[in-house]
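Here come two complexes built around chain A, the first alongside chain B, the second alongside chain C.
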Partner chain A sequence: MLIFTLRRLSLFVFTMLLLTLLSFSLCFLFPGDAVINISGAINATPEQLIQLNESYQTSRNIFFQYLAYLTHIMDGNLGLSMASQSVIGHEILNLLPATIELSIVALLIAMFVGIPLGFVAAIKHNKPADNIILSVSMLGYSIPVFWLGLLAILTFSISLGWFPSAGQISLLFEIELITGIQFIDILLSDSPYKWQAFSDATAHIILPACVIAVAPATIFIRLARTSMIEVLETSYIRAASAKGLTFQQIIFRHAIRNALIKIIRHVGLQFANLVTIAMVTEVIFSWPGIGRWLIVSIDQRDYTAIQSGLLVLSCFIFVVHILTDFIYAALNPLARGVKYGS
Partner chain B sequence: MARDKIYLEEIFPSPFMQLWLIFRRTPVAMVGFSCFIFLIILAIFGPLLAPHSAIEGQLNMPLLPPAWHDDGNVSYLLGTDELGRDMLSRLMYGTSLTFGLSFIVVIISLVIGVLIGSLSALTSGIKASFLNHFLDVILSIPSLLLAIIIVAILGPGISNTVWAVVMVLIPQFVHITRYAVKEEFRKDYVLASRLDGAGPFRILSYSILPNIVDRIMSQATLAQSAAILDIATLGFLGLGAQIPLPEWGATLANGLDLFYIAPWTVYLPGLAILFAVVATNLVGEGIRHALKVRKER
Partner chain C sequence: MNLLDIRNLSIELISNEQNILAVDKVSLSMKEGEVRGLVGESGSGKSLLAQAIVAVLDDKWHVHADRFHWRGIDLLRLSMPERKAILSRDIAMIFQEPMACLDPTTTVGEQLAEAIDSSQLSGFFWQKQQQRRAAVIKLLHKVGIKNHSACIKSYPHQLTEALCQRVMIAIALARRPILLIADEPTAAMENTNQGQIFRLLSSLNQLKNMAILLISHDLENITHWTNTITVMYSGQFVEAGTTEQIFSKAMHPYTQALVDSSPMANQHLPAKSRLMTLPGSIPILQHLPIGCRLGPRCPRAQQDCVKAPSVSNFHGHKVSCHFPLLPSPKAKKSKLQKTKSQKSHKPSRVPND
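And then the complex of A and B:
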């Protein structure tokens, strides 16, 4: 496990370097002056510009410029937004938790719906139930997410009026920002209307989370189905049925555990996919998260914001990736061995 | 006069023909395939067949509902949008933008990806290992996010979207070709042709490529459905096709303000995207099914 941890840590450091290098090179790729792109100081006076050039070491060669950029990131200084001249670090700290909250809820929904359905399909392999689940899942990953979001708003918020159509919580409730994750903040606050606020926030999150969950859920269905079919063909399952265990005992005691392990390995990769879908969904549901902010920044040609937003978002995806790798290795001793090309 | 076969001749169809013979027997895949062909024809001839202009509207009849509605007009079969532009014509023009462009995108990235992939399969050592790690990092980033990054660098617009999606799809083709070529290289028939004195490029073009064409095609259908969704999503976000172009995603975003008054301006482009992606996926499923059946024989 120690060697595994060291391996992952070295991969982490290497990838972080690559990501910062990428975001550093973006400021040269974007049109305009590199120092202004990197700091976002569009209204800087000549004196300030000299100071900025000094701090980003533009007179020295590219390697020192990169080092200066790294030290700025380490200090948490991501520059100013070109559009609003506000500090990007603070904005991201306010926005990222909302995205994390939304994507985790969506991931949970996708897993709790997708995995059991996939198991059912595998157990009923080549029967009508299997075919129906497979066709529905194909429809699920073919549907464009923005269209699905609009249809969901039209049916569930406009026609039926069950859920609100936009935002994170009703403006009536004043919740102090502590962790940024709405549900924890509500529980921490000492407002007398705590539980009303809690149910309101729940009503707000259900619709976007379900829309995001559709595509990953269909992928979980396929993963669960293939891994269950593989497990059911192994010799230990045959041994268990030869021992005289009932079908239910075999499924619940042996098959599900071994099939689940194979699925957990893919959760990290699916999470990356899910965050991208969440970015689009945030735009439709006006969710105050980092995805919507990033897309608005692209629209406004706010290069500093794009650069930092991409860096933070890809770091976040990668951290989750590494975390699921650890969970997988902790659950499955076979995975801790030496693996090449990973 | 019919010429009967005098000699019993055994026919060995090529791998590609074998695949087609199995593919032809699955009805669902054939339905998907005919829809796919229909979309290709529409993408080529759509602008000629369209009854009205996609960009110039009839300002005196805005927001006409589809023809089956009581207020509908038969000459505007699927209704009009807020500027009186015929929805049917817009969708037909949009086929050549969303579907046609995604088809071209897939072909460009297929050619580049297969070239790089098969060349890289011939190399080994540090170059190959570097490429492998680099591909792993690139492949772990979702395609849409990567496309958004590239559009952010290049700036919004339909041609930049096309290049962005091409660049996003190339690594997938490189990856799959590399693995397939490496796998084939270990087989005996390659050894046989090497013993005959064939050089690596001859082996690659005469022995290996005909045998991996089916796997590349299966990847191409996956890439195509991703390309349609990516182009449409970028159009919807306002980063892809710009205002007058009837790209499906952009048309949908255009109808957004009138969603409650004229829901067909949102329903129809969405249905078109769904139809195109489902048709592509059905073809892909058919190919993968046929591959599996052929392997089990």
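And then the complex of A and C:
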């Protein structure tokens, strides 16, 4: 297990290095001066420019420039936003937790709805239930998310009035920022309206999270269905049934765990897809997250913000990917041991 | 009374274009405490037959039988769950490829523990866990695994193939079955391990009076351990009788060919001469010959063989052939007559019920 952890960590370090290399190369690929792209100081005086050139080591060769860029990132200095001249590091720290919250909730909804439905479809293979679940999943997968989001707002917030249509929480509640994750902050705060705030935040997150979850959930349905069908045909399931276990015992003791192993790897892969959908959804639901901020930055040609936003988002996706790898290892004894040639 | 009595069991593979009759009217009967060998080339439907007996075939196989009695109970009259309950209580099966038959994500100990019927355990629920563990350890000792604590904790991929096979046997013994079906229990195993497994099975047979159906492709090897043998070819019944009858007085040309192809029975052969074998190979399921499926390969085949032969019974020695190899001169004479006047003098035919 230790070796497995070390392997994942080294993979993390090297992938992060590659990602910084990519975002570093972006400042040369964007139009304009590389130093200004990287620092975002568009209104700098000549003295400040000289100082910037020195701190990013533009006089030396590209390797040292990259090292200087890395040290800036390590210090948490991601430059200034070209559009607003505010510090990008602070903005990201304020916005990223909202996106993490939204995408994790959406991922959980997608998993808890999609995977059991897929299992049901596999158990009822070639029966009406299977066909219904499959066609619904096909339908869900083909609906474009921006249209679905607008439709959801139209029905659930405007016609029915069940859920609010925009924002993360009603402006009436004042919640102090501690961790950035809203639900945790609400629980930590000592406001007398704590539980009202909590239910209000829940009502706000349901609609966008469900809209994001639709497409990944349909993919999980298909993955869960195929892997469960595969597992049910293996000889150890047949042996278990010859052993005298009932069908339920076979499903819950043997089949689900083995099917989950095959799915859990794809969850990490699907997460990147989910974050992309979340970015669009944040715009529709005015969710104060990093996705909306990034799309606005792209609109405003805010190169510094684009660069750092991409770096932070991909870092987040990669962390989730590694976490799913650990869950995979916890479920699968074969992945934990030392393997040669892998 | 027979322990297991199966008459004319057929297994059909349901597919879109054409249904394939993989096992064609095979009869099998077993007595209490009997060790019966089920012999045939690979692909002759032995494993299918075994899986049909324990009812673990999936929906695409359709099983049909004229009679299926288990200790006097007519299983065909029972519903599937009832049948399954009786079968899994009394019959246990050891599958081929033990490694693939153990759940790779669950420890061996857990898989053994869940096979133990809770009716075997006495005491209150807080004692059951401990009793279950004790029973697991006892089972492992019974199959000759001494290092039980390491074995309980390990996953199937951490054990060798032979150890997995022993664990499979332990799982099969956990329910104290009356009939044990062993499907190629020693495939892919060295000779020393093979011997140990067979000795274990035969001691179980002698001490617990457990009946064993031993499935193998190796006629010569299992003759040491069996009382009776049934031979199958390409899903059809070929011959059944005591081990002695099959090995020394084979009546079916196929059984004769099997015996002839084993080096042990042919020690009189001069050195470096060829062993007797049948030409050709077993037909694939999509292109099964009509009538007797051995027809195209049979040295004694005649025009009649395009019709499936019925089973003839010579004092318990059953054979399914139009032209059996009959040892005594009297029988030879009757066979000559029969070839002239189209099967009029067959001895004591078994009615096809």
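Throughout what follows, the second predicted complex is superposed on the first by the 335 of 342 C-alpha atoms of A that agree within 3 Å, B and C clash if a C-alpha of one lies under 4 Å from a C-alpha of the other, contacts with A are read in each partner's own complex, and residues count from 1 in each chain.
As a working rule, a residue touches a chain if its C-beta (ideal position, glycine included) is under 8 Å from a C-beta of that chain, and two chains touch if they have at least 3 such contacts.
Since we're looking at a predicted model, the values are computed, not measured.
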- Item | Side-by-side fit of chain B and chain C on chain A, or clash | fit
- Regarding the shared-chain residue A:Q249, is it in contact with chain B (first), chain C (second), both, or neither? second
- For A:M279, is the partner it touches chain B (first), chain C (second), both, or none of the two (neither)? first
- Which of the two partners, first being chain B and second being chain C, lies in contact with A:R257: first, second, both, or neither? second
- Of the two partner chains, chain B (first) and chain C (second), which one does A:P192 touch, if any: first, second, both, or neither? neither
- Message: Between chain B and chain C, which one contacts more residues of chain A in the superposed model?
- Response: B
- Query: Now for A:L139: first (chain B), second (chain C), both, or neither, which partner does it touch?
  - Reply: first
- Query: What is the contact status of A:L269 with respect to chain B (first) and chain C (second): first, second, both, or neither?
  - Reply: first
- Message: Under the stated touch criterion, which partner chain does A:G161 make contact with: chain B (first), chain C (second), both, or neither?
- Response: neither
- Rounded to whole Å, the nearest C-alpha atoms of chain B and chain C in the superposition sit apart by 10
- Task: Could you give the residue numbers on chain A that contact chain B in one complex and chain C in the other?
- Result: none
- State the interface residues of chain A toward chain C in the complex, per the touch definition above. 233-236, 238-245, 249, 253-254, 257-258, 261, 331-334, 337
- Provide the residue numbers of chain C that touch chain A in the complex, in ascending order. 51, 54, 56, 58, 88-89, 92-93, 95, 97, 100-106, 114-115, 117, 155, 157-158, 168, 171, 174-175
- Query: In their shared complex, at which residues does chain B touch chain A?
  - Reply: 132-133, 136-137, 140-142, 144-145, 148-149, 151-153, 156, 225, 229, 232-233, 236-239, 249, 252, 256, 259-260, 263, 266, 269-270, 273-274, 277-278, 281-282, 285
- Message: So in the complex, the part of chain A that touches chain B is made up of which residues?
- Response: 15, 18, 26, 29-30, 138-139, 141-147, 150-151, 154, 158, 269, 272-273, 275-277, 279-280, 283, 294-295, 298-299, 306, 310, 313-314, 317-318, 321, 341-342
